[in-house]
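Each of the next two complexes has subunit A plus one more chain, namely subunit B in the first and subunit C in the second.
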Partner chain A sequence: MKGDIFINKLKEKITIKDIYRMPEEQITITVDRSDLPETVRMLYYDMGGWLVTMIPNDERPLNGNFVLYYTLSMEGGKMSPDDELPAEDKCWMTVKVYIPANDPTYPSVTRLVPAAVWYEREAYDMLGVVAEGLPDPRRLVVSDDWPDGLYPMRKDSMEYNFRPDPYAHEDEPDYKFNHPEGGGLVDVPLGPLHITSDEPGHFRLYCEGDQIIDADYRLFYQHRGMEKLAENRMNYDQMGYLAERVCGICGYAHATACIEAAERAVDMEVPRRAQALRIINQEIERLHSHMLNIGLACEVTGNINAFMHIFRIREFSMELAQLISGGRKTYGNVVVGGMRRDINGKGIKRGLELLETMETQLREVWDAVMDDESQVDRWKGVGILDKQVARDFSAVGPNVRGSGIKRDTRYDHPYDFHDEIDFEVCYEEGGDVFARETVRYRELLQSISIIRQCFELMPTGDIVAPQNKIIVPQAYALANNEAPRGENIHWIMHGGAQKVYRWRCRAATYNNWPSLRFQFRNNTIADAALIVCSMDPCYSCTDRVTVVDVKSKKSKILTHSDLKRYSQTLKNSPLRGM
Partner chain B sequence: MKLLDMTRKYGNATYEYPFAPYDVADGFRGKPEYDYDKCIGCTACGVACPSNAINVELNEAKDKLVWKFDCGRCIYCGRCDEVCPTNAVMLGSNFETAVRFNKEDLTESAELELECCQNCGKKFTTKRLIAYCIENFKKVGWSESVIQEKTKYIKTCPVCKKADSVELVSKHFSKGVKK
Partner chain C sequence: MEVIFWMIIQVIVIAFAAPFFDGIARVLRARLQSRKGPPDFFQTYRDIIKLYKRGRTAPKCAHWFFTYAPYFMYATGAAMLACIPIAYSGYESIGFSDIFILVYLGALLKFVFGVASVDSGNPFAAVGGSREQMIGVFVEPVLIMSLLVVMLVAGTSNLVDIRAMVRAGEIGYFIPAFAVASISFLWAMYVESGRNPYDLAEAEQELQEGVLGEWSGSDFGIAHAALILKQFAMIGMFLAIFEPWNFTNPILALAVFLVKAGVFYVAAVFIDNFGSRYKLISSFRQNATFALGISTVALILYIVGA
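Presenting the complex of A and B:
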């Protein structure tokens, strides 16, 4: 059976208490918590696993324990072309540990596998399980004024009687940024608000001259508590629409991953036609998202003309989305068991025309951009993501493929209709912004080819499966999905009453953030915005305001703490005397 | 330079839009349009709506059924369109949904008359829903007497129906006891 080679190797060193397979290629092994770091390390470094997600779950109502699921995608180390597992051995390995409720601690995996750092920080914020020996135990998700001892993902945390007040505004503790040792460094804040898309984030760049020595960042300013919301109030009809709202650009990928996790947990077959339609929608999303990103990468380097041309072409992909889903984005289309909208012959014909136009014009624009030396120079050698760093932090998407690693979840773990489709995994050596943007451009052409193949091979039949499956409480499964930014992983454990017990949504960029720090190093401040952009979220204005009084010719720099103090007390205006 | 050549080649890429109407594709999902004359108050749309944009509930005096739509909550999924038996709610092609200053302008509502229960006299469902059912009975091709019996049944409120059937069952049982 799949995964036996890994289990046999593990058994030499570690006692495995229990093995659970559902579906067949997702294997859960239960180990003792003292064996956890070694098990994950062996799977990760010795057998070629990549950490895709970690699900902390409050199972006290079921068995009196907190449970952690470390999920690894077994696909080979991929550091060299032959360092890869054969397709029949690729699978998902989940390491499950029980943590007793009266002693919620476990040995940290991060010391051995750095990729686990964000997951373990989040597990503390959300469930209050402590990773002993975690090198960076700061808060990650909850805000600075969040009261101590309140863990939102615990099932009993919503009891109003037990809910402490948040810190008073003036007592709010400051977040401690990791400041590197040494004098002569200048802090350059970037953030907290983004001008372009995605989440708000705050970056601290530590610079010597205009060279970035190190960086630290604080995100999750817009944590919306969707997982909790879904657990508390939603049924499966509504959850897909909620999952779509995770992201404004790749929402469809989230919806499909969420719905497919629910389907896989009960082994529900989706009709082939619906599968093909799901792939088409996803590729349309990749088309417009990659074009957006290439356009923005041109824009932040000042090439507005190229940006406008790429956005003009992007409009065709929006029209294609309109044909298929009725909206300019591919929202509101997927339901448990299939799809809601079908496409007819007329639509396919128009779709093929649009693909044709898009392909020729894309080639034209890319050719023109490559012709522009000053543009290419701004991209080359900037924001290098080292291959080993990418491996250590389990980076995903164009980010990892730009570092010469052939990692794509459509290829490693084919889902839906992908078993009938030929496509090439695009990867480039170099690890700089140029490599990442080239990967994106080549993927655009691949997406166009995938949509064409889907149109040609489109199976006939229904688009919704007959509703004859019953939700099994506590059945769980994971679903993977290659969103434009990398793989999205959703994990669902069913509960009673046709509701979800635990939904864990891991967006692609979550795995890319921890390695961003290494991409910043040894670059100039001017490139910081480009580096963040090439990862795919975008940049923002600075945290500091310089006020210049034109009449008196005086200027004064207001610091973050000045502004914060004034906003809280409204006394002693920092502008007084100007 | 190549980029400039392309600009000349493709010319103007923008639409006249705010000054000229903008045509949307077939099957575009715009704002749901409500047709009061067709609505029978079955509440299917209110149940289906995933984001609670449509709510159907009794008014404060409990004498009218109120259909309410809040465009600010709508996610344009079109579930209401799918479930509506009479096509009273259908997605239109209107995408200009912004309002100025007053959030109340985002909402729409309609009131439907209620039918009284023939036994207890309490209001329990809309007149139109009952008319819709009777109309459908006629289409089935039942005889006049059957239709009359069914009509009587649907004009009774659920509470009275329960009481009636309890009475019927207990009569039946008491007969059996006598034997």
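Presenting the complex of A and C:
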């Protein structure tokens, strides 16, 4: 059975209390909470896992415990070409721990696996479970004026009579940034509203002259509480429409992942035609998202001309979206068991024409951009994401592929119609903006090829499965798909009455924010916006970053006062001795 | 007296005509970018008028310097234009029309611009302002070296006299030093006019509107107009020394100048529209070193008497 090799290796050191498989490639093992960090570390570093999500769940109504699910994608470390698991061994391993309600603590995994840092901080914010030994236990998600002792994801906490009174504007506590005073460092704020991003994220760049020494950032300005909303009020007919509102660009990927999680938990088979349509829609999203990003990467360096021409081509992808989904944005199409809208032969013909035009024009524009030395110079060597940093923080999408890691969830864990489609995982060495944009360009061509294959292989038949499956309460599953920015992971545990017990949505950029700080370092302020742009941020995710030394593999979290002292005096670096 | 009269007329005419050429440049740029762009050539006038109607805001930490800087910049730009003998080139030379005065007015404008940015208290503007000064560090040696060659060849720093000598054929492109100096001066002129890939004044993406960041409303409109004036002054300086052919009749001279300067201004779109901005410490420095090399060659050519 899948996953047995990992379970057998784990059994040598750790007592596994329970194994649960549903669906077959998603294996949940239950361990004692004291074994948690070591189990996750072994899976992560020894067996080639990547932390994809962690689900804190309030199961007190079911079994009297809080439960944490650390989910790892077992695919190999990928630090070198042969460091990868064979396709038949790739699977999802979920480490489940029970945390008694009367003692909501557990040993922190972050000390061993830095990628867990936000998940554990968010778990505290949302559920009030404390990670013992978490190096930076400050809040992450909830706003600065959130009252103590109120944890929104607890089932009993958000009655309306518990709702906190709003603070008066002038009484709101400030977020504590590390203001360097003196020492020759300039504190350059970027945001909360920044001209290159219409979304809020507050960055502080600590600069010596033009050079960025370090960066600090505060995000989650617009936390919308969707997970809570879903579990309280939504049924499965509505869930998809909520999930697609997570993002304005990769909304379709979220909707599909959310619905597929629900489908997988009850093992529902979706018609092949609907699967192909889902893939087409996701690839259309990738087309317009990547074109947007490449265009912006030109624009932030002042190359408006290239930006405008790429946007002209992007219009074709919008027209394609209109053909498939009826709207310029691919919203409102996914339902449990299939799709709402089909495409006819005439549409396919027009779609193929559009793909042809797009491909020719894209090649022309990209060649022109590559011929422009000043543009390529602006991209090369800027915002380097080290391979090891990417590995330690489980980065996803073009961000990780730009650092030479062959990681793509379409390839590692094929879903839907992907088993019939040929495509190449595009990855580039270098880790700089240039590598990431090249990855995006190559993926654009791949997307065009994937859509073409879907059109050509389009199966016949229904687009919605017969609705004869019964939702099993407490059945759970995760679903993955490769959104433009990287893999999206949705996890659903069913509840009674056709409702969700717990929905956990992990957007792609959540795993990418941590590495941003490393990308900023030793670049000039003029490149800051370019670096943020090149990771294609989706503003829903971070705060403080764990520092990892690539050579010694030790990690350390800088406290506010450490960084402040260092930025003032520039003596006794807190990173020394790592 | 007549010289002063024509000087004033010249400044007023150019100041009012310059936004028209900016409008043409914008329409052309839009076409090159496959956009529709402004409906006609008068968009820049509408922008400046619209901005001028709006109120002023200033950061609490800013001083009087920040508040008056746009006006000061505009006045400096106008004074630079007044320096250049266009309408009054047929009259006797006056001391005001001098290369040194023109160069120092340009430096003054840059200085005011930089200081006002620092004064705004916006760290992005301050960084932008300091970079603007850095550009000066790169460009001014090239500018001065090129002009030094011209002044040594002509034996005077008076623009009216130099212009008369070039037109009379006493000095000109047949002198190799003069010809080479014109090349490096052309580069310096382009950089000083603040266009992509060398501009930073409007590097909005990288430095969040750079130095213009904190001005708004009428202040911004005037600062914007002042930068257009400065570009025309830089083009005018090139035309006055290296391409001085024109009528002596003041009105005709002014008209021809506008056409010539306008062609330069609009044609620059073909350079600034393509490619990305240079980074100061890498590409920019390489280019500046190259230009400095050319101007040095000009100086050496003069010294060896070629």
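Please note the rule applied: the second predicted complex is superposed on the first by the 510 of 578 C-alpha atoms of A that agree within 3 Å, B and C clash if a C-alpha of one lies under 4 Å from a C-alpha of the other, contacts with A are read in each partner's own complex, and residues count from 1 in each chain.
In the analysis below, a residue touches a chain if its C-beta (ideal position, glycine included) is under 8 Å from a C-beta of that chain, and two chains touch if they have at least 3 such contacts.
It should be emphasised that the depicted structure is a prediction, and the values quoted were computed from it without experimental measurement.
When the two complexes are overlaid on their common chain A, residue A:D237 makes contact with subunit B while staying clear of subunit C. Legend: residue contacts after superposition of the two complexes on their common chain; A:E364 is shown touching subunit B, with no touch to subunit C. Once chain A of one complex is fitted onto chain A of the other, the partner contacts of A:Q322 are limited to subunit B, with no touch recorded for subunit C.
After overlaying the two complexes on the shared chain, residue contacts for A:H309 are found with subunit B and with subunit C alike. By the touch criterion defined above, A:A87 lies against neither subunit B nor subunit C after alignment on the C-alpha atoms of chain A. Within the superposed three-chain model, A:D372 lies in touch with subunit B and with subunit C [touch as defined at top].
Shared contact residues of subunit A with subunit B and subunit C: 305, 308-309, 312, 372. Against subunit A, the residues of subunit B that register as touching in their complex are 1-4, 6-7, 10, 13, 24-25, 27-29, 48, 50-51, 75-78, 82, 91.
Remark: subunit A residues 186-190, 194-196, 207, 210, 298-305, 308-309, 312, 372, 374-375, 377-378, 524-530 touch subunit C in the complex. Residues of subunit C touching subunit A in their complex: 32-35, 123-124, 126-127, 131, 196-197, 199, 203-209, 273-283.
Residues of subunit A that touch subunit B in their complex: 237-238, 241-242, 305-306, 308-309, 312, 315, 319, 322-323, 325-327, 331-332, 340-341, 364-365, 367-369, 371-372.
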